[in-house]
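The structure's right below; bear with me while I get my questions together.
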Amino acid sequence: MTAARRAGWVAMALVSAMVLAACAGDDAEPAAAEDGEVAEAPAAEDPAEDAADEPEGEPIVIGGTLALTGPFAATAQIHEIAAEQYVEMLNENGGLLGRPVEWTVLDDESQADLSASLYERLITQDGVDLVMGPYGTGAITAAMQVAERYGYVFPHHTASLTYAYTYDKHFPTWFVGLNTHHTTPRKVFEAYQTLDDAPQSVTFVTNRFPGTDFLVYGVDQGEGALREGGGALRVAEEMGLEVLEDLSFDLGTTDFSGIAQRVAAVDADLLFVGGLGVDGPNLLAALEQLDYKPRHQFHQWPAPGPMLQVGDLADGATSVTIFEPFEPYLSNPGAQELYQRFTAAAEAAGMSYTAPETQAGASWAAWQVLTAGVEGCQCLDHDEIAAWLLDNTIQTVQGEFNYRADEQNYGDDIQTVKQIQDGNWYVVWPPDHASEGRDMQGAG
Amino acid sequence: MSEHPLLRCRGITKAFGGLRAVDGVDLDLGEGEVRGLVGPNGSGKSTLINVLSGHLPLDAGEIALGGVPAAHLQPHRVAALGLARTYQIPRPFASLTVRENVRVAAHFGAHEPRPADVVEEADRWLAFVGLAAVGDELPDTITLHQRKLLELARALATRPRVLFLDEVLAGLNPRELADGIALVHRIRDLGVSIVVVEHIMRVILDLCEHLTVLNFGKVIAQGDPQECLRDDAVVTAYLGADDA
Amino acid sequence: MTRRQLFPPRVALGFLAVVAVLLTIPTLQQRVGFPLYNLIFLYLVFFWITQATSWNILSGYSGYFSFGQAAFYGGGMYTTAILGGRHGWELLPTLPVAAVVGGTIAALTGLLVFRLRKLSGEIFALFTLAVALGIGALVNNWGVLDGGRGIPMGRLDYPAWLGDTTQMLYYLGLLLALVAVLVAYVIQHSRFGAGLFAIRDDEKVAEALGVPTFRYKMLVFILSGMLAATSGGLHAMQVGFISPDGAFGLRIPVFVILMSVVGGRRHWFGPLLGAVLIHTVTDRMAGAGYAEANQIVLAAVLIAATLFLRQGISGRLVERPVPPTVTFVVAFLLAFTVGGQTAIGSAAVAIGAALVVLFLPDRWLRSWRRGTDGDGPPAGADDAAGPAGDDEEPELDRAQEAGR
Amino acid sequence: MLEVRGLHAAYGEAEVLRDVSLTVPEGRIVALLGPNGAGKTTLVKAIARLIPITAGQVSVGEVDLQRLPRHRVVEAGVAIVPEGRRLFTQMTVEENLLLGAYSHTARASLKETLALVYARFPRLEERANQRAGTLSGGEQQMLALGRGLMATPRFLLMDEPSLGLSPLLTAQMFALIEGVTELGVGVLLVEQNVARTLEIAGYGYVLEQGRIVQEGDREALLGSERIREAYLAL
Amino acid sequence: MLILLQTLATGIVLAGLYSLFAIGLSLGWGLLHTINFAHFSFVLLAAYVTYELSTAAGWDPVVTMVVTAPIGALLGLGLQLFVTTFKIDVFGTLIVTFGLFLIFEAAMAMRWTADLLRLPSEINPYFTSAVRIGPIRVSMLLTIATALAVLACVGVWWLLKHTRTGRGIRAFVQEPEMAAAFGVNYPQLSLVIAGIAGATAGLTGTILGMYLSLTPTVVEVWIAVVFAVVLLGGLANPIGVMGAAFVIGMVESFTRQFADPAMARLMALVVLIIVLVFRPEGLFKRLVQEARE
């Protein structure tokens, strides 16, 4: 290799890098970013649709980041599709305050620190009018501090460390109450108590992940504004369940055989899986290899598709939800639009599980909250938007939100319990929210 | 052997596995002395140098440099006592220029006197060996001969009292050889004591006042070079048992 | 290597001028009102300069290639997070503690690898990686440190005269970067640096020439750990939410290696250059949904730099300083004023242009200058690319010695 | 006939061999003498194509070795017993021997050659499954020779086979080398040990600083002052 | 007692998967002086291929090995040619293949998106079924992996130890110059090794394709443990790889069974660090060693 050729190689590599960088620089401008997004979105617009109120004027720019790449990208994709669909719907229906809406989404690569600096960029360089929260507890927690620094209203959909969010203009749509580490397990255990074969003992299997860890183990005393130290472990004991085993595992664990053996060995009535994504299916597979099926099983945040794909193993499994693609949720305001648009877009994007459920529901609700605030105060002033949201009941696909300032902007826990029955998810608890003809089923 | 030699080695022994590469070698070096160290291939010369400079731990024996015990010291401590060496195949710092190579040595080496200005010090030694012109070159762009000179300059810049020259003159053409011999004499004139490892006996005769001959790791002759080379044991070691 | 003066007037003035300009930027920002993001952007550049430089004084100068940067970065970050986020310390006192933690991690690791066993290059690299992942796993499992839940930083107090959070990050980030760069500069031009360079090229010969190799390696390892950890501690404020996989993951080591290799590992200026370059590119591309393309391009640059550019960009820049600098300034001004780009966008464009000029074959440049005469052999390029087989002969010699 | 004509070789800029020419007939031992550093090892390596040459030619019969890919030189009939033995120390004795017969030409008669080598070196057969690194010095040298023979060479380049051996072992080794010629193999024997070497070599060359300075038959060389001069400056 | 045996069995099949994953990396490092970080990319690519062939083309996932192994082998060959062409040193290969790893990761993210891809149970019965030995049960999938691992490791061991090719390779690694002098054509033999190493990556990929929900970054969690096995195993020692995998598998299995399961990975790393400190050459001897270090 001659020196000249070496230099040539290097030059080529660097030049292409720079050209790309310069192009990206251009595209990072809000207008161009919109083009990029539209190009990706399915072109399923109906020209016959009556363009009732054509939005006009300066567009309102809403910015945010999502984990478009990296380990959280699988779920963040759902939020991207939901957001695209919502904005498209908004613009078809007259926009916001009569102005068109642009959605600028940047990629935080599943990194909390990147998300934080990208929000700085969106707010202080790109000058977006509004922001939407990112995906993932870490990114949301980091980004919220940026929003707080600049006083931006900060709707967010999937943050789970409720106690950590003290910002007065954050608006969660993972609407589980401030004391979710207390209320969530209580709700689940109450549902199980209605059964004839109500579980008397429980085994916990917990992923060492911020959200799941918090829910099962609660917090240390004096952390945040929580009234309860709690955690599912404590709640179980309070409600008279005997805790037979308490196991935790690392994020990224793939081999569950050892854990499965310990679960099977103690054979508790209820298996409480404080896991997320595919932890549940993997654990179930390992249990199946031992010919063991838990009599009752609860999974915190399972990926909905994989849970159904494991078949009989997951029959009777419960989880908590805030939105599902069936009644009674489909009667909530905006749920039909969400269902139709999301399913079509997810199919077009080639997703493996196309129905909108908790993740898409939370995302949609966050957009509903944001636009409700803007339309409510008829302004883009963050203080006024926040004040309006705190003063009013917000109608969302999840149901009604009543934000309470004294609860760090959380309100009641509106989660419901869902269960896999006959190969599908159904809401089974509380009774007034249950899917038609469905109730909590015991071990069959 | 003088009463108080600068470098005093007794019973130096180093074995690799079962093979005693250096076997109870005694070696003295007086102030300002130039001593030849010769022996057939594999007789243990390089091992001896590696042991004395601290590169290899010795199995037994004593070393004293200027009266200070120098056995079992780390090499940089040995260097601090004033012992420097060159390598048979030059080992310059490849990413540093010739001048920078010498500067590293000027920075470190013997503890005193530390030069006030390493830049001047380095340039002085470059000029001394005749490499001033290639000071800014990288070592791999200069000739092998120049690299050997660089080894020398680098060793000198550590301000040694004892210098081991491991075949610095090998592979030179006759004119370079003459220059090299003159250079070694000039180094001796600076007051540095020198041990020369060399295969070309004429060079040894030109350079050395004393000779130590090794074979199979043992000293087989020691003393006046001419006499050593006529010694029966030496002749046998080199030419074979039944000398013609 | 040692000059007669550590800071010749030209260098000292240069440093002062750059620092002076950088110090005025926050004030300027408030007066003129250009986007606040530029401050954050610059803070991040400072952060990467500090990280890359701290890596480089160990791995670039002494040649011990570490994959374990995250151990220091994460260690510092968690120190600040635990003391500040959990126990309510003010920010500033946590930083010296972070430095001590980083230095301790480095010292313990160094004792293991340099004293107990002399680990060779690849093993050293993977060992440091294992240490970083191990500390990460420990933090993830031990409730006293974290236990897997992550630590939200909340707002830490700091002296009010540092301004708002952004300004505070900016000033402290600048200070750390300045310290790191000065440390790197001073080392490079001192006896210490000469010893490290010697260790990098041939540790045995260095030792024989009197370089106290063990002490020097430990010293530089600890120094590197302290700098990286302090910077990590400060960065905890920017990150906002500290989790084990974020703090001890692969991203930090990957980027510092990339920056230093591309910028040049043998010069204090290299990692600085690399940090500016890589961060600007990443900033312009990653946010805009080009993360994958960005990753591919950066990885390709890493490969190309490893194969063809042993001295990094700084090696080339030292040989041809003027044309690229002029190009950079002109291109920046053009892009900013005429092209209507943002400051950062202009910087990206200008860097691109400067790089093109930097790597134009010498022959072209000469033919521009001298008309059509382009016969001479291209000088410089050879040196920039570096010798391929530097170490063959010493290897041979070492082998022979060992064989005897 | 192994023929070297006008060979030059250099390490970088330093020319180590200058215009070297020599001939080794089949079935004969030719000595290459000279003090350390004269370039003997370099010459052997150059002939075996282990290092590049700058000028000249090496041929076996009609075959020009320079035109062969490196791993086919052995097929042309040139095997090496290198300085310092350079055995595959982690492998067993037998594996070393089998590797000697790695080439396609040698593989054809592998069994017979192995039997032959074992017959000549019964010691090696006793230690067939022992690792080569654990052999004594003399046994190692034997193995190096055996490995060379396994390649069924027409010419064997032996570089200082007596290195590190006691006088008694050296004598035994030289007897073994003499035995090799009975197989019709030509040997280029590089040695420092002049007297011993010339006991078994009928012809010899003296190399000094990269040049052949003298050649001749046993008697001529034994009486040569030039050799004493070269070795001992006497 | 039963629980002890069960834990042992679990550890063994886990070790099988680890050794299958590590053997190619160990061979490349020990014999070709290539620390192939891209090995992980080869594995993931093969996993995606298994997914595609099973879902789209309806193959039995195990059968996809007839495709993934050759793909892996080709990738291995390509890399080896690249490394030889540019004469990259050991350390350089680590950096360069790490770059390749990043490129592959991004490219796979572009092709398969970040979505979780999982073989449905009905076409992947191996995932949930178990092999029963008396009262002890172990995962069918991991048992297949273990069988493949034993096949690969013992096969490679036999190749290196008892064939002409293997002798040539070992000889070359120890004494390149002498091996060449006796007719060893290393460039050719190195391709054989690179091909074998790549093929094991393909097989590993098929197993992981059945074992995991695939995302472009899923393979990252394996890096630490696989390098641990490689380093502990003593380079290019197939039996050592199995032994090291056994140690790591047991440490993890026993930690999961008898201590806090979350500590399993930490314990594995601690074992690695301790061993590296006291035996940097690994728990097992290198089968093939350079004559001079």
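Letters A, B, C, D and E mark the chains as written, and numbering starts fresh at 1 in each.
Quick note on the criterion: a residue touches a chain if its C-beta (ideal position, glycine included) is under 8 Å from a C-beta of that chain, and two chains touch if they have at least 3 such contacts.
What you see is a predicted model; the values in this text were computed from it and never measured.
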| item | value |
| --- | --- |
| Chain-contact steps, minimal, separating subunit D from subunit C | 2 |
| Neighbouring chains common to subunit A and subunit D, by label | E |
| Starting at subunit A, fewest touch steps before arriving at subunit E | 1 |
| Rounded Å distance between subunit D and subunit E, as computed from the means of their C-alpha atoms | 44 |
| Whole-Å gap between the CA centroids of subunit B and subunit C | 42 |
| Centroid distance [mean C-alpha coordinates] between subunit E and subunit C, Å | 33 |
| Between subunit A and subunit C, centroid-to-centroid distance (C-alpha), Å | 36 |
| In subunit E, residues with contacts to at least two other chains | 86, 106, 109, 220, 260, 262, 265, 291 |
| Shared-contact residues (touching 2 or more other chains) in subunit A | 1, 68-69, 208, 248, 250 |
| Two or more partner chains touched - positions in subunit C | 137, 140-141, 148, 291-293, 295, 298, 300, 307, 403 |
| In contact (per the touch rule at the top): chain pairs | A-C, A-E, B-C, B-D, C-E, D-E |
| In the complex with subunit A, residue positions of subunit E that touch it | 3, 6-7, 10, 14, 86, 106, 109, 113-118, 120-122, 127-130, 137-140, 142, 211-213, 215-217, 220-221, 252-253, 255-257, 260-262, 264-265 |
| Subunit E residues touching subunit D - in the complex, by the definition given at the top | 164, 167-168, 170-171, 174-175, 177-186, 288-289, 291 |
| Subunit A residues within the subunit E interface of the complex | 1, 68-71, 73-74, 76-77, 208, 247-250, 252-255, 257-259, 261-262, 265, 277-278, 281, 284-286, 288-291, 303, 305-306, 309-311, 313, 349-352 |
| Contact footprint of subunit E on subunit D as seen in their complex | 48, 50, 69-75, 79-80, 82, 86-91, 95, 98-100, 102-104, 106-107, 147, 151 |
| Subunit C to subunit E touching residues, read off their complex | 65, 112-113, 116-117, 119-123, 125-127, 129-131, 133-134, 137-138, 140-141, 148, 250, 254, 257, 261, 291-293, 295-296, 298-300, 302-303, 306-307, 388, 399, 402-403 |
